[in-house]
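In what follows, a structure is listed as structure tokens, so that the remarks can point back to it.
Chain IDs A, B, C, D and E follow the sequence of writing; residue 1 opens each chain.
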Amino acid sequence: MIRVENLVKTFGGLRAVDGASLEIAQGAITGLIGPNGAGKTTLFNVVAGAYAPDEGRVLLDGEDITGLAPHRLFDKGLLRTFQIAHEFSTLTVRENLMTVPPAQDGETLWNAWFQPSAVRARERAVREKADEVIDFLQLGHVADELAGNLSGGQKKLLELGRTMMTEARIVFLDEVGAGVNRTLLKAIGEAILRLNRERGYTFCMIEHDMDFIGRLCDPVIVMAEGKVLTQGSVEEVKADERVIEAYLGRGLKNRPARTRAPEAGA
Amino acid sequence: MEILNALALFTNFVGLPALAYGSQLALGALGVTLIYAVLRFTFFAHGDLMAFGTMVVVLATWGLQAMGVGLGPLPTALLALPAGIAAAAGFTLLSDRWVFAFYRRQKAKPVVFMIASVGVMFLLNGIVRIVIGPDDQRFADGERFLFTVGDFRDWSGLDEGVAFRSTQALTIVAAVIAMAALFWFLQRTRMGKAMRAYSDEEDLALLSGVDPAKVVRTAWILAAALATLAGVLYGLDKSFKPFTYFQLLLPIFASAILGGIGNPVGAVVGAYIVAFSEVMVTYAYRKFAGYLLPEGAMPEGLLQLLSTDYKFAVSFVILVVVLLARPTGIFRGKVI
Amino acid sequence: MSWLQGPARGPLLYLVMALLLALVGVAQSWNVALAILNMCLVSAVMALGANIAWGYAGLMNVGLMGFAALGGLAVVLAAQPPVPEAWSAGGLRLLGTGAALVASVAAIALVRARLAKGRLRALATVAMVVGAYALVRFLFDPATDAIEAVDPAVTGYLGGLGLPSATGWLLGGLLAAGAAWLIGKVSLGLRSDYFAIATLGISEIVIAVLKNEDWLARGVKNVTGLPRPAPYEVDLQASAAFVERAQAWGLDPAEASGIVVKLCYAALFAAVLGVLLWLAERALNSPWGRMMRAIRDNEVAAEAMGKDVVKRRLQTFILGSAVVGIGGAMMVSFDGQFTPGAYQPLRFTFLIWVMVIVGGSGNNWGSVLGGFLIWFVWIEAEPVGRWLMDAATAWAPEGNAFAAHLQEGAAHMRMIFMGAILLLVLRFAPRGLMPEKVRR
Amino acid sequence: MSVLIGETMTGGYGGADILHGCTIAVEAGEIAVIVGPNGAGKSTAMKALFGMLPLRQGQVRLRGRDITALSPQDRVKAGMGFVPQVRNVFASMTVEENLEMGAFLREDDFRETMEMVYGLFPILREKRRQPAGQLSGGQRQQVAVGRALMTRPEVLMLDEPTAGVSPIVMDELFDKIIEIAAAGIAILMVEQNARQALNIADRGYVLAQGRNHFTDTGEALMANPEVRRSFLGG
Amino acid sequence: APAQAEDVKIGVLLGYTGPIESLTPGMADSAELAMTEVNNAGGVLEGDMLVPVRADSTCIDAAAASAAAERLVTSEGAKAIMGADCSGVTIATLNNVAVPNGVVMISPSATSPALSSIEDGGFFFRTAPSDARQGAVLAEVLADKGVTEIAVTYTNNDYGKGLADSFQAAFEEKGGKVLLSAAHEDGKADYSAEVGALSATGAEHLAVFGYADQGGVGIIRASVDSGAFEKFVLGDGMFAESLIEAIGDDLNGTIGSVPWSEGEGADAFVAAAEAAGVDPDGSFRRESYDAAALIALAMQAAGSTDPKVFKDSVMDVANAPGEKILPGELAKALQILKDGGDVDYVGATNVELIGPGEAAGTYREYEVKDGAYETIGFR
């Protein structure tokens, strides 16, 4: 569904993405992993229209979408989240979510001024939808809090929540799991699976938690130094010596010196 | 010979005046840029702070002159400079204690600081005028010229002369030194780094052990010193009138932004661009061309690109054009 | 003080404002109070315009002065009688220049569309721009010279359309909107302070043009005696019926005429402000407003959520500027004259900004209140400042040199008082008197 | 006696209280880990310990001395170091300058420590001259931790140091943390990579809704089925 | 029965803050000097004392000026206004306040031609002569000196522009040529661009139509410093002792014109001012004195402090016939008027109101020699 051909993106002298080519199949949940600084986020940014590439193309269902503005891509059903949360900080959590649905009646001034009833009806529907998402993400107690006041993890949840507010075809998730409590993350994983199976969303997700990747993704693409290093199922990738060397590592060398048991109580 | 004449003409009417005016703007822009770099807001009272510091220097200079103290060929005002700096620094520190510190605690938005600085500007505006009055004041003494047009002509044997005032020289030298010093201070010294860190991420700076009070104090003192220096050099070259100092504010802002606000080198380069564009685009090149073109080919028209009516507009056109090409200024300034 | 934070805060502050104006009415005179009120209304319109751009979309428009001036120009163009001599002297040629300009722009656009991107296109563009400039100047200069030569002391310009004064307000809004479109297209790519300084620069350019292009609105020679949307005091005083009525009320006819005229203005201004405020509030509280606030908060995310940030920004910038233009037009109607030399950033840009921030940015009612309060202080600072200075020097015996020196500077107490009030208000309401509402 | 203890801390950001009598302590040479759901108040507790939040009740003691009223920068002087969860680098300063800022209060020669940090996070040496704001998410996180290591504190507090870093770097980091703790330094960290963290923890706190829910050794918490289910993702 | 002596308030509406703030204190002092003189002479009518009330016109902000004038008239009850200063605010306050309320306004400095044709209901006068006349005078002076080419710079407001236009027309009529007429903005930081452009014309003389303590002095200083011009021709706004102090010997040889009363008028003003400790030197100070004096004399002549009445006497006291009155002689004038006589107020600027109540003016042609203004003649 998405084809990335020979993408190059440079910052000054640095080639952050250096001729990466990859394909994201319709209906799959594709994982994208790689060491810090491999160029994963940069690749996302190029695909989602935030940066123009220096070379290469991006195709969506065969159509060249290279360099289209992000809002145009959104209209084509391409959604993304941000690694460093980009909340609307002076809007409440609910408003953050309600902003997302496209082409709302009340978003043109004419309707806002002269069609109040149509706007109100649509607002009700959007609000209901937002409340559903809020419940699912366990954000109920902060629904009316300003998003800027959320905890780090809550902001990440909000990032994810926005993608659930609209019908998407393909969703790019940039480390939605980082900083999210594992129990909740498990539920999120299940939701992703459900969206994928029931609604046919295609996902591409960057993640460093291999358990999470393992539960959801097939295939997994590994990037390193701006290029695609390898690609395959989770097991294949985990077994790949190069991946272990550059990314996974071999576990802890040290063992903690367990000293005392903590005092009871507190 | 003709080429030399053309050069002399150009230097006298375009090169030197623009360089001197640019340096005057640069000194002001350095102060504005410093406050922006450290305290993260546009300080509107800078023009009036310049006037305030200069006012104290003027009063002190008069005192010194009355006592017969002087610096020979150099203006006495240089001797009085520390007094002005001390007064300006005192004022900024007080205004910080009473005004800006509160908004820092409130973590107010930059625009609130900016409007508060407009309030401080009104205060300073009134104080200066009540103390010394709104009139023109002269306090320059010493040698006005390094060499005059006549001196130059005699020395070179050219038809065209060049005049170079001592205050122009002083200003140019001061601007370059101040820029280099400030750049070095911010980039290399411990305090400078602390200031940049504080401006980047205030809370994190605290976690690194930076003393915010000290950072803020240093920034204000430096800004006050720069403002006073700028004001005094300008006043020596032209004259001291509070309203003119207020009017300097816009070109100073333009310079700082154009170069990339927060960057001392940018402030100076921006200032020269503003100054040179004002003078060069509105200069009438007729005589200049007359020297370069063959005998008798002196053009009829004035060869003026734009009338001086639009001089102020010209510098802003250039500003906008540059910003379109480099949206955060020539040296990629801060964005808040 | 907690009741000051509740929902009653807004109405209460407006009540205080009304009391302040009433106090002036009683202590000074109702004519003064109404004169201040009228400009309060005008200032409120301008502050509202600034707030639309800043509070909704985070656009720091520091070119308010330019838009206000364009609004003023519109009143001249709409309301002044045309100058037939000037039209016959150079009007046609000027129209021809306009046509030539449009044709050149079209030709350039056409050529650029036809040619592929590259050096040839760049070269052709430059050549055509130079050619067009020369052509336009060739047509333009003699035309304007001819126009400006027509009785320069009195006219020397094309005049206007001779329409009722208030149509100038509408035209002012349109003119400002058009300029905003152009300016926005060019500079909305810039961020925060860089955008601010660009708008500041452009407003200076607008003023420079208005000052120096005499054929348009007489430049620094000013256009005075603009027709009014309200009756003239002298006419009222000349009307026997009015004089009788005034005397029946126990009022001096001169005083009464002043009051009536000012009330007429106040009614007109209040109507305009009311409509604008209604539209602004309605927009802000709709999904449109939510979208704008989202864009203001984080444009990258808004763009990724499918919002056409560039277009929306431009839209808001145009709307805000148009409102400022309307305010500028109203002010010129009220002053009865258009004086380009009077447009100074301190008064027409920064003072408006002070109004927005003191009132509470992002809150329309707050900006309007800010417009009222700051204009009130701006005017009343003068007598209060003098009074303060008198009080401060009352201790001194006659002829005390120090007191005399202070007295000389009494006029400048105005600035000190203004600054002090500004700082005090901002101290006790750091987010503005009526902060932006959090919609829970 | 604990090196650092926050006792029955109660307070918030001005509105409702976030912390409700929460107690956190750590001893020299010990690794303490705080886990809990998002919004539980973990970061708030860390900030409270560091004096970045006014406490309505409770006190904070460092080596027995009451430091509740001390300003953050004075706590740094007193030997505490902290990596916040967000906004934890100086974006416009280079990587090296970020590290230097960590050593701001140190009078001695800190080049050795910097070498240690570069050894731990080799990518940072490469990016030495690059502004930290231009780094990738994981690289930024490394800079943030590196900055705190430069302080050479007696108590090191880390708020989700491994968020967004690759597995290999996470391992390196935990190795280093064990090493540091072994040198007698008290370490207090918040983690969502909870199992890895509790694995190396001497002591674990489970926080929910601003209260201590469980406090035990890392191992014991890992073994507790309720903790596993509700907080560690099964 | 004689009415109770009372205070008569006179507004002194000038731009104490803003662009011309440095000019206005001296203007106000001069106007108040005339009022003090009247009061010392026992006031007007039945010993009514003139009480000056200052208000700020800001020079540029028409709305603020109107509000200030409104306060003067409707709150303070001023019977007349000495002011305003800049043409824009003068017209605004005249239309919006003075005419509607029927208050006499005499401006010392508004020179705009628009004021000549304004519908003022007979309430407006000015002691500043209109620009047209001065332009002609200066053109004559230059033609007589055989100057045929000149560069002109004017302050970019209606005064400067008007004067520059009228000068250019008159000068060209006499066969001269204006090589460049360039505006300068007051209060700007630097004038080297203007001077550069002006000097490139190659003209030997530079005509400066600005203000002595505003952009005008900046232009001259920049010209002298760079050797661009050595010979200056100055309009009335440039006449001030401070200019000579500021520029020094380089100003020698400069010629100019200034409204002046032939004879001792200006000298008498200097004497009177110095005696009262007021600095007599500066733009529009003499005009301000005259404006205030006219108000007082008109009241006395009309026998009323009601502006609707005494407005008709302003022309009478200003013009012949009658005994000529110089500054410092207001006591005498009041006495003559009390005795039913007639005065012709000459004042410091040889006031002669023509047509719609503005000064016709005689001009003194001067040259700067050895750091002092020397009279060459009168025109």
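The rule is simple: a residue touches a chain if its C-beta (ideal position, glycine included) is under 8 Å from a C-beta of that chain, and two chains touch if they have at least 3 such contacts.
What you see is a predicted model, and the numbers here were worked out from it, not measured in a lab.
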Please give the intersection of the contact partners of subunit A with those of subunit E. C
Would you kindly count the fewest steps from subunit A to subunit B, each step being a jump to a chain that touches the current one? 2
Chain whose average C-alpha position is farthest from subunit C's own: D
Decide which interface, B-D or B-E, involves more C-beta pairs in contact, and give its chain pair. B-E
How far is the middle of subunit C from the middle of subunit D, if each middle is the mean of its Cα atoms, in Å? 53
CA centre of subunit B versus CA centre of subunit C: separation in Å? 30
Inter-chain centre distance, subunit A versus subunit C - centres from mean C-alpha coordinates, in Å: 46
Residues of subunit C that touch at least two other chains are 211-212, 408, 412, 414-415
Per-residue overlap in subunit D, given as positions that touch at least 2 other chains: none
Each of the following residues of subunit B touches two or more other chains, namely 129, 133-134, 307, 309, 312
Pairwise chain contacts, counting only pairs that touch as defined: A-C, A-D, B-C, B-D, B-E, C-E
If you look only at subunit C, which of its residues touch subunit E in the complex? 27-32, 35-36, 39, 42, 152-154, 211-212, 219-222, 224-225, 232-234, 237, 254-255, 257-258, 261, 331, 334-337, 339, 341-342, 344, 347, 378-379, 382-383, 386, 408, 410-412, 414-415
For the complex, which residues does subunit D have touching subunit A? 13, 23, 25, 27, 29-31, 36-39, 42-44, 85-86, 123, 127, 134-139, 141-142, 160, 163-172, 174-175, 178-179, 181-182, 192-195, 199-203, 212, 215-217, 229-234
Given the complex, residues on subunit B that touch subunit E span 12-14, 17-18, 20-21, 24-25, 129, 133-136, 138, 148-150, 161, 163, 165, 234, 238-239, 241, 243-244, 247-248, 251, 275, 278-279, 282-288, 302-304, 307-309, 311-312
Along subunit D, where are the residues that touch subunit B in the complex? 50, 52, 71-73, 76-77, 81-82, 84, 87-93, 97, 100-102, 104-105, 147, 151
Over in the complex, which subunit A residues touch subunit C? Could you list them? 48, 50, 69-71, 74-75, 79-80, 82, 86-92, 95-96, 98-100, 102, 104-109, 111-113, 119, 122-123, 126, 144, 146, 162
